[in-house]
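One chain, subunit A, appears in both complexes that follow, with subunit B as partner in the first and subunit C in the second.
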Partner chain A sequence: MWTRKAAFTFTGGIALILIGMMITNNQMMILGLALITFIVVNSWVSGHGDIEVQRTLSADNLYKGDDLYVELLVTNRSNRRTQLLDVYDNIPHEMKLRSGLNQMRLNLKPGESARIRYVLRCPLRGHYSLGPVSLRVRNTFNLGVEDMYVDHHSDIVIFPQIKEVEEAFLRSRTPKMYTGATTLRTPGQGSEFYSLREYVPGDPFKNINWKAFARTGDLMVNEKCRDAVTDLYILLDSRDVSRIGTVLKNPLEMGTVSAASLAAFFLKRRDSVALSIYGDGLSYLPPDTGDKQYFKILSSLAGVKPEGSMPLQAVTNSLSGRFSRGSPVFIISSCEGDGTVPAAVRDLVGRGHEVTVLSPSSIDFERLVSRIPRMSYEVLKLERQNRLTTLAGSGAQVIDWMPDMDLSQAIMQVRGF
Partner chain B sequence: MAAERTKNLKRIGLQVAFWAVLGILLLTILQNFINISQSEQLSAYDDDWNDMSAFREDIKDMGIETRSLVSSPLLLADLEDPRNTTFVVAGVERDTLSFPQFDEDGFITIATEDGYSPSEVDAIVEFVDSGGTVIVLEDFGYAGSIGEAYGVRYSGYQLYDTNFVAELDYNYIWMCMQVSPCGMNGTTLDPTTLDQHERWSDVTGPHPCSELDGESMTFKEAGLCSHHWVKSSGELGRIEYNATYTMLLNNVTGLEIVPGVKGALNDVNVRAVTSNQATVDVNGDGQLLIGNEQSSRTPDLSGQFNLSIEACASSSCDPDEGGRVFFIADGSSLINAIYDYEGFNNGDYGDKNGNYGDKPTKTIPANDNRKWALDVISESLMSTKDGETGQPAENAMVIFDESRHPQNALLADSYNTVYFLLVYFTGEGLAMLALFVVLFITFEGVLLKKRDPEPWRHIFSIIYYGFGDANRYTYYAKTEKIRQVFLSKVRNQNGLTRDEFHAMPAKELVSLIEDPVLAKFAIEPGKYSLEQSVALVKRIKAWGRR
Partner chain C sequence: MAGEVDPQSDVSLLGGRPRTLHLKMLRKQWQIITLQVVATIALVWMYLEVVSTYVVNSIDHTMVFETLESLVGEVPIGDWITGEGRQGLARFYVPIILGLLLGGSMALMAFQSPKLQQRIKLGFIILLMVSLVGRLLLTWVPSMIFSLDFRAPSEGELKTLEWPLLMILSLVILFVYLLPVIMGTRGIWGLSRRSIGWAIGFTLLFLGIHAILTFPLIKSQLGDWGANLKTLETQVSDPTIGIFGFDLVTPEQLSLILIAVLIMVFQESGFGVIRYLEYAYRLPESCKRDPEYVKQMDNVLNGHLRHTAGFLTITGLMTMIALGFHSVLLEVVSSSTGSQWAAQVSESIELSLTYGLVISALLFLSLIAVMRFFIPWERVWGLIESLGNKTEAPVEEKKF
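After this line comes the complex of A and B, so read on.
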């Protein structure tokens, strides 16, 4: 593609030739011809984009708000110089360039390499892809430009932030429900000592009680009590209405943070955690423990988008049969625009579940982006309080979560309405 | 779906119709310049029987440079030595593009002349004024505009003469280049009626070749007079100049000097005429009705008509004293078949069907067309320096106008058209203005439209207006909604189900509320001002905390 300069030179050349012909001025015609010739000759001396690109990321998974270190290695694989070559690494608009630049103008000799280093801040959770790498080849006098790209991508997942959750807060109402792994008086996988027994082939060496061996002369191994784990169910509302607020502060964002934090807390205590996200449809991650489950939960939460309008009762009707008896259920929802929430909560409580409703205050999120008349705001708040009171009356613990409130603070205010 | 399809069809149909109309208009304009169906002829660069390659070869053999003008006679203005240049226009077969012109008063006039635009005619006139020689061979074509510049008009009607060539047909007539008409003796020319050229006669003898008459020399030394050279012995020969010209013409028209019109040159002389019994078929019906048979429906003419006119800058027509224009009333008088009749009769140029090697069924009689044409060339281009008599001048050149001849290849014709347009738009008044405007607009277009590729820049963009529902705000300020919210609060506060609450008597509800203002608000629907509503909401907010 010609640049503006080339277009000017060309039209100027043609104009000079024609006007030279009009007024029979040979010098003018020669000057015009010289300009045209300049463009033609210049087009022969152009660079190329025959390069190899390799991108290295500091991590494949990050938490929201973390920094990502990117290094791009550009190598000229051709036998010619690249001439002026602009290299630009396409990065998602949701990422902020913290230091360095994601582009560079190069003139690489054959076989020569260059590195582009920059740091990105990732303020939004989600699944992202870095790339492709755009190339812009310019000829010597910047008369011609050719854009191309190297189809090289690097995928990265930004998990929701994990906030610290203090155990004491969660014990405030029903201390025995959240004790995590409790010992059962039967041998098995666990942490507490159960008894000594004789060694049998296949037992791990680390279980051998050397003191007992020294004392008795026989190989003895420690047996542990089997841990019992609590199943925790988290229901996250990702309906379209959950986007109320700004991009960084809205019920869904706060919901993902709280879901991830709660999951992290309970998984750390070796409880098993299940996650259900409802909105456009229903996705369900069965209860499980360990790092794998932790990764699954974070991956699911990273990809959540606000869409759909599935009612909570449809979710509980569908899933309550799978819930372990008496297990705690966390419902993270603004409870906005869903008249089935009280009935669903009543149903879960009736089935013996300890239900906690963590409800980001959508009215206050809306206030961040919209000027709500004072009286309307007060009435909306009253209506929301009525709604939460109803839920509390149904037997659930209700947390009214304000936008400027930290998660641990919010959990601390667990109370009945 | 069907309606959408119909809409699409209509749109496509409309587009097809638009482009078809545009194409037809374009073709209508272009057919004036590119006439593919017309057979090419009268070209100095083709060697068919109806081309003029023999004439050009003779000129080249004389040592004179030959050129073709494929664009426009506007380029004649750029010639360095017009005095030693001869411009040959033979059969103008197509019209030209002509913009409206600026006239002498500065007004715009629309040109009506055919063949050549006013600027092109001006360029030719200027060329002649600078001492150039022009030979115009034309009959029914488009060279009228050149003639009019010199006060000469082509009648454009077929002329018949009693001096026709019997062995051929009545379309072929004899033209004797002399003041008085020559006559016939039966079916052949009567030699006793032949006279000498008015200007090149033995008496006046101004033709440069007449100065060499009788001199002995080699063929090469004869130079521009070599067509008068007669071999005597060995390489030597003798110049035998003869000013008698019996020329053979084919399908001729009449020439007339427009009375009262002063052309660009002062001296306009008739050089050849028909017999007194010549007739012109004005209405083209093939019937010649004269005398008593003539009527308004048959306006045919009879009498003597001019066949050749020469316009000169001076009465002597000396090339050194100014330019000259030769008009001949036949565009084909120098075609190979007539000019090189011997070669044609031997089958060198093929017959009229294009079969080369075959001798024609009818032979062309001997004529002096070649002698006349080469005498015009030799007079115009012979060197005037001492000791160079008979040799061409230093810059001697003959230019054939090929710009009005269709070429035998579409590509060549297109090239000529493009070249013509280029010369035309850079050489002619309003066309130059139009081109200048186009250039200006193009510049402006480039300035406005041509953009460099945007520089790459990473834009961090997650901040945008969030999501909210402003439509509900007015609804939540209505009294009914406030009442509904309040009653829900009362119900929740007292742990009542909906059914229980709805079944409750008003008195009991009042006692539950305990606040007379709120109780009245709950029981008696009415209109409340904004201030009252605000006060009520505050009260409702505080209610229940006691």
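After this line comes the complex of A and C, so read on.
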């Protein structure tokens, strides 16, 4: 395709020839002819996009906020030069260039390669695809340009961030006993001896090993092996209402971070974790343990989008039959626009589950993006407090999670879990 | 796969100082300097061609100075500067050197800090004002103070204005004549698209105005002054210059082709340098240090140099062949048929005038353009290149 410069040159050439003919001026005519010849000669050789592209990523999965190193190897496989070639690697608009550049102007000889290296920051979780690679072949004198692309994609999953959750705040009160040998070689509540360790303030006196104290002179306590695992159920609210706030800070984002962190914590303890995400529909990941389950949970959380308006009671009605008796249930929801939450919580508590409601404060998230009059804010806040108080009255432990509060800080509000 | 990709590193190519795409370093790169030198040579050559074709002994600056001297007296600028007394193109040698120096200084100034630029401009204005009215004020004001008489300057005192006014007028005349050289040099070395545009625009404007003024109807109205204007022959004489045994163009036509090609060389080299330096400037810091970017910049610049030399030479040759194509055609017809038709056509007035010439030239160019679809030029080029170029071994990167 001709560029504007080529069009002007050609038009100018024709105009000069015509004017030169009109006023019988050789200079104008020859100048016009030279311009036309310039266009003709330049049309003989054009560049090409007959190249091979290979993209290498530093990882296939990353955590939100991590850096992704990308290397694009561009090789000219043909027997002629590419001429002036602009290579541009298309990246998702959610990712930001941290270092380097995703484009290069090159002129590859036959068989020659060039590497484009750049670093992307991934501030948002999700499933992404890098590519295709756009190519723009230019004439050296910028007279012709041709756009094309190489349909080469690389997929990447950005997991939600994992926050550190302290052991002291999350202890199972309802261990599930399995038949047979289920001894876990990790210290915790159990009956089998694990090791001796030094006494630290707060340890129960009944655990002190007096014989060891008599022998060494130091207070020592017996540590036991954990001989039980817990089934933990996480219910994540991904309804449309959970998008309130900014792109990076909204109830859904905080919900995915907390769900991922809790799952990571419990799976590390070798507990079983189940995840249910409700919004447009209901997705359920049955309880399981191990790295595979960890990966499944993170993948599910990476793809969560705020949509739909499924009520919580519909979720509990459909799933509560599958929940293990007495197992803890985590409900992560802003509890906005869902009148069935108290009934659903009552139902779960009635079935003997330990219910914890982790509720990101959507009103405070909304304040991040729009100005709410003080009076309206106070009224809305009061309504929310009433709602949470009702949930607490139903027997659930309720955590009011403010936008600026860290997850472990928020979980501190729960005692004896 | 994880860990295979490393962040970009600051590396050197083939030992020695690390090469980067920082402007400071890139401006000293041989390809950039070559392009700038080529552009400057093309500019001066084009100017000399235009001047020798249209201006010398017709409307050149020495003639203007002579007229000025006959009207108001001796011009304060020395003859060795203006070129008065010399013959032909020699009149322009010193002014061109001065124009190059002035353009170069303006380019140099463009790279100074805004504060320094402001100071230089202020200094220039003060110097201009002092040289203009300095002597007048130094004679008139003290004489008023000592005689305690508030009066208008006398005729003798006013005469002190004559020299500076003539000097400024002479400089302005020289500046106007040398505008393409000054602005072109400033544009090439000062990386100013606008200045290059001015240089080309002024040259084309001059050619346009000259063409209009030499149009027979208008020229006849200009009287004696119009008679001084150099007119190119409207009828084409027998060609004497050619290639492959064919006489294609006359010396006058060759000179005109040269002007057209040199304008293009100047334009493409000048703009090319700016385009590539702009690209390098916009690259982020990490890319400027990346050896891949440095290597590709080399490739791009080498490609531009090759194309400037190759394509513009071919453009010149093709234009020559296009202009002489009618004679080639007639010669072929004459030799193949042996009839008188070719000889009759070659003597026809239509062919001698521009019409036949242009039609045959455009016919030739159309054929050449269409040949693109029949002859795989790109494959031919590729074959030549792949024979000539052996792929270099990949550059070893510095390990950390």
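Note that in this section the second predicted complex is superposed on the first by the 350 of 417 C-alpha atoms of A that agree within 3 Å, B and C clash if a C-alpha of one lies under 4 Å from a C-alpha of the other, contacts with A are read in each partner's own complex, and residues count from 1 in each chain.
The rule is simple: a residue touches a chain if its C-beta (ideal position, glycine included) is under 8 Å from a C-beta of that chain, and two chains touch if they have at least 3 such contacts.
All figures in this text were calculated on a predicted structure; none of them were measured in a lab.
> Based on the superposition on subunit A, does the combination of subunit B and subunit C result in a clash or a fit?
Once both complexes are aligned on subunit A, subunit B and subunit C fit side by side.
> By the touch definition at the top of the document, which applies to A:Leu407: first (subunit B), second (subunit C), both, or neither?
Neither: A:Leu407 stays clear of subunit B and subunit C.
> Under the stated touch criterion, which partner chain does A:Arg243 make contact with: subunit B (first), subunit C (second), both, or neither?
first
> Applying the touch criterion given at the start, work out whether A:Leu124 contacts subunit B, subunit C, both or neither, answering first, second, both or neither.
first
> Contact-wise, after the overlay, does A:Met21 reach subunit B, subunit C, both or neither (first, second, both, neither)?
both
> With the two complexes superposed on chain A, say which partner A:Val315 touches: subunit B (first), subunit C (second), both, or neither.
Neither partner.
> A:Met104 contacts which: subunit B (first), subunit C (second), both, neither?
The answer is second: A:Met104 touches subunit C but not subunit B.
> Please give the nearest C-alpha separation between subunit B and subunit C in the three-chain superposition, to the whole Å.
5
> Identify the overlap between the subunit B-contacting and the subunit C-contacting residues of subunit A.
Overlap of subunit B and subunit C footprints on subunit A: residues 19, 21, 24.
> So in the complex, which bits of subunit C are touching subunit A?
1-8, 53, 207-208, 210-212, 214-216, 232-234, 236, 252-253, 256-257, 259-261, 263-264, 268, 272, 275, 279, 283-284, 286-287, 290, 292-293, 295-297, 299-300, 302-304, 307-308, 311-312, 314-316, 318-319, 322-323, 353-355, 357-358, 361-362, 365, 368-369, 372, 377-379, 381-383, 385-386, 389, 391-392, 394
> Would you pull the subunit B residues touching subunit A in the complex into a rising list?
Touch list, subunit B to subunit A: 77-78, 422-423, 425-427, 432, 435-436, 439, 442-443, 446, 450-453, 456, 458-470, 472-474, 476-477, 481-482, 485-486, 488-489, 492-493, 495, 530, 533-534, 537-538, 540-541.
> In their shared complex, at which residues does subunit A touch subunit B?
1-5, 7-8, 11, 14-15, 18-19, 21-22, 24, 86, 88, 91, 93-97, 102-103, 123-124, 134, 136, 145, 147, 243-248, 250, 365-366, 368-370, 372-376, 378-380, 382-383, 385-386, 389-390, 393
> Spell out the residues on subunit A that touch subunit C in their complex, using ranges where they run on.
It is residues 17, 19-21, 23-31, 33-38, 40-46, 48, 56-60, 69-71, 78-81, 83-84, 99-101, 104-119, 140-142 of subunit A that touch subunit C.
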